[in-house]
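Order of writing sets the labels: A, B and C. Residues in every chain begin at 1.
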Amino acid sequence: MNRATLVRKSLFRKKVRAILLILSIAIAFFIFGALGAFYKAFNSGVEVAAADRLVTVNKINFTVTMPLAYQARVAQVEGVRNVSHASWFGGYYQEPQNFVQTFAVDPETYLIAYDELTLPPEQREAFLTDRTCLAAGRALANQYGWSLGDRIPLLSNIWQQQDGSSAWDFTICAIFDADDDAVPTNYAIFHYDYFNETLAFNRDQLGWLIVSTTDPALNAEVSQAIDALFANSPAETETTTEAAFTQAFLEQIGNIGLILTSVIGAAFATILMIVGTTMVLAVDERTKEIAVMKTLGFTAPSIFAMTLGEVFLLSLLGGLIGLGLAWTLVSLAAESLAGFIPGLGISLDIALIALALMVGLALLTGLLPAMRAMNVQISTALGKL
Amino acid sequence: MTEDLRQDTLYQLDHVSKSYTRGKERVDIFTDLTMQIGRGEFIAIMGPSGSGKTTILNLLGGIDRPSAGEIAFKGQRIDNLGQGKLATWRAHNVGFIFQFYNLMPTLTAIENVELPLLLLKMSGKERRRRAETALDIVGIADRAGHKPRQLSGGQQQRVAIARAIVADPAVLMCDEPTGDLDRESANSVLETLQLLNTELGKTIVMVTHDPAAASFAKKELHLDKGRFVEREALA
Amino acid sequence: MFRQSLAVTLINLKSIPQRPGMSIATIISVALVVGVLLGFSAMANGFRATVQGTGSQDVAIFLRSGAQAELNSGLSRDEVRLIEEAPGLARDSGGEAIASAELYVIVDGTKRSSGTDANIPLRGVGEDAALLRQNFELVEGRMFAPGSNDLVVGRSVQREFSGFEMGEEIRLGNNNWQIVGVFSTGGTVFDSEIWADLGVIQNLYNRGSGVQTVRARLENPDAIERVRAYAENEPRLNLDVQAEQAYYASQAGATSDLIMYLGWPLSIAMAIGAFAGAWNTLYSSVDRRTREIATLRAIGFSGFPAFVGTMAEALMLSAIGGLVGAAAVYLLFNGVSASTLGGSFTQIVFSFAVTPSAIIAGIVMALVIGFLGGLVPAIRAARVPILAVHAD
């Protein structure tokens, strides 16, 4: 037996109570871990945004197109290393419900802009040369069970070909991965030219430009220069960093962060109260035992430490169990949700915040009972009988 | 004070006063109490309820401090030690035995006995060995793995005695150790105490209401109105 | 037995104030669970009410086949003309169909709450547009003048976005607009839109004579079938024809379902935490009253009243918690305005709606927590042995 045994035994003196407390703490940390993972994945677009990448959209709104000629003009701007462009295709596969995120892009410059995308050299070559090639992301290919060589017709809910059809035929000649799990691969890209020349309307227009600067320090300058280039034209532009653009888009959905923080806050408020009041009660219940320990020669600081240790043990047990549950759930969900929410997982920083919360919880709920335990007066407590 | 005297004297109390304030009122329990307790003594303290028996045990045991005066243990003053020092002093020098045993309900008998050893520098193995020996001395080694709830009052009190002696303190403070026991269990507990006194040389200070219990001691002190009246034991 | 139970229950309830800390912790934890559940359902219900309340049964909306949303659709002037000839459409005295060809583009507005840009639909409409929206009402100012840069804004847009004050000039993209009126359609999705003259929008956005949708009044709701048959048999038309109400109903589902897919599991998880808390509280309550319960047993009470008494305490605490949670959500959130990205990629402004059925669901959840949390402690109370009279 040692002091740790003492701490453990006094925590589990009432087994049901200890288990219930651990359960409620575990639930709070489970909620924290799961929501944290989802929130992080949801926001990963902001985090994986390259520092030197700018997005230029039509000033009216990013859904409004602009002339194809803009690409060449922006390429002339000083500080610009690469300019690519993409257009929203609004694709679906077979049924309108089978939504497929698809972009018509300028292939060569696109792969330079998004150098985090990786694909074998021969597939890269195939994608660059074959006009009807569809390069599908790994997550998307998995979602629909596509493999190299498959012929896939994709329908657009926006665009039409001159013959009135809204279906384009593709061959999957490349499947790309990303060098980081948080980078989404749940979309497909194909040649803008193949798309543009068949279009019934809105030809020679592009959706948005992806501009890589030679140095992130030049971002502000380059943005201003690009927007100045098109000022007072029919299609004025607005250039921001990729991160800012993504952030603004996410904020359109609503203040998800606030909602999730409120829920986590409510979960933690619950356990703070439950654990706090129970621990005060637990210490009050054994005032006499504490008095006996003090009589035997345990000093006030060591009583304080052991009581606090008990709450730490409780908090860590519950917290780790909850985090483990969250990890299990998130790992199970990650596979099936890879197409919708890429990069789902309990990252190191979530685990570290959780650990800090466990310590915080233990301190908040443990300090008062530990003080009460420390201040137990031997003569009054033993006199009580 | 001669060298000789210091050798024999375990406790030296000089002009000790103890008073409590209850609201505005001050209650004096002792005023100017001077006395010695020698090594190897077995003293029974008797007296009416509220006369201050527990109070004197608390002062001797280093749980409480006098309002005035000095208390020395083996020539060292203990009345002026801080709370922390006093706690460590208790761990090394005093064993306590209570009327209601006060064992830790979550710990087994042997773990209860081991408890005070956590305060001394000692390996886990050594602690276990000494706890076993202590249980053996009080004759309850066969119940080492039992929780207090599974033991009778007499058995619990034996475990409590084992806990009190395990750190090998010089003195045992017993507050009505047989107050909650039947005659038979009481006698066997008292015999154990006697044995500890005679064989192991433990100094014992025992508060009791029971003259029969008191008769196990070598010396009886009667406490009344803050004064001790000595009476040599008959037995 | 009933009188015994009543007596013990009363003793029990009266003793709650002796355990204030844990009782309040239980009440608040149940309140938080109910609060989370109601918060999410107020969001989902508010959104659903706004979207599903939009559109009428006797208005048909025509989209290009496969377009799914107005933004994606495109119709030529010829198609519009053919649509207006469809049988089953209501006609005015001159024999013209009551129809509105509309062009829907997205512009950026600045959200008041976050100061960031968000998508607002700018709808180019003709003269009949107002006739085709139930409860359309000009709250302030006047309608836009044809061919002008006048803008009328929905009331919700004004509430959630800055810069749309009556009489002000606003720049959207590279065009300046004059805000001349504010309209309301009684809290439907249209209130989240801004309207201008169709011809002006076509011109500014280089759409020629193209539009995206046509809305037309039907002779009666059943006439939709005739209209649909006509569109299918006309080779020059390739359309999806839907009753406007059905169109919006299908758009409400995904978002509000998603909110509840998040809301339910979260509140159930939290309920498990609160359940553990309630159990714990009642366990302590029974613990503290062991002696009292045993005394009652000793003087002849049976175990059942002890069960009832503990259960009553559990249900009482959780019901209070449920009511507190519901009241708090109602006071804090009911009617609060928010906006999110809707099915057509634009902001839909809605108000949180705490509905009676959601409140009932919340209270039921609270009582379930109380019942399950109280069950084991109550059984334990019923089984307190008489010998425990002597307990510490």
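Simple rule for what comes next: contacts are C-beta pairs under 8 Å (C-beta built on N, C-alpha and C of every residue); 3 or more make two chains touch, one makes a residue touch a chain.
Heads up on the chains, UniProt names are A, C = ABC transporter permease; B = ABC transporter ATP-binding protein.
All values derive from a computational prediction rather than experimental measurement.
Chain centroids computed from C-alpha atoms place A closest to the centre of all protein C-alpha atoms shown. With respect to chain C, maximal separation of chain centres occurs for B (centres as means of Cα atoms).
If you average the Cα atoms of chain A and of chain B, the two centres end up 65 Å apart. Centroid to centroid, with C-alpha atoms defining each point, chain B and chain C lie 73 Å apart. Distance between chain A and chain C, defined via averaged C-alpha coordinates, is recorded as 26 Å.
Looking at the complex, you find that chain A touches chain B at residues 1-3, 5-6, 9-10, 12-13, 288-289, 292-301, 378-379, 382-383, 385.
By the touch rule above, chain A contacts chain C in their complex via residues 14, 16-17, 20-21, 23-24, 27-28, 30-31, 35, 58-61, 63-64, 90, 96, 155, 157-158, 160, 164, 166, 201, 232-234, 236, 247-248, 251-255, 262-263, 266-267, 269-271, 273-274, 276-278, 280-281. On the side of chain B, the complex with chain A involves touching residues 54, 58, 61, 63-64, 83-84, 87-92, 96, 98, 100, 102, 104-107, 111, 114-116, 118-119, 124, 127-128, 163. Residues 21-22, 24-26, 28-29, 32-33, 35-36, 39, 64, 66-69, 71-72, 74, 105-108, 111, 113-114, 116-119, 172-174, 205-206, 210, 238, 266, 269-270, 272-274, 276-277, 279-280, 283-284, 338-341, 345, 347, 376 of chain C touch chain A in their complex.
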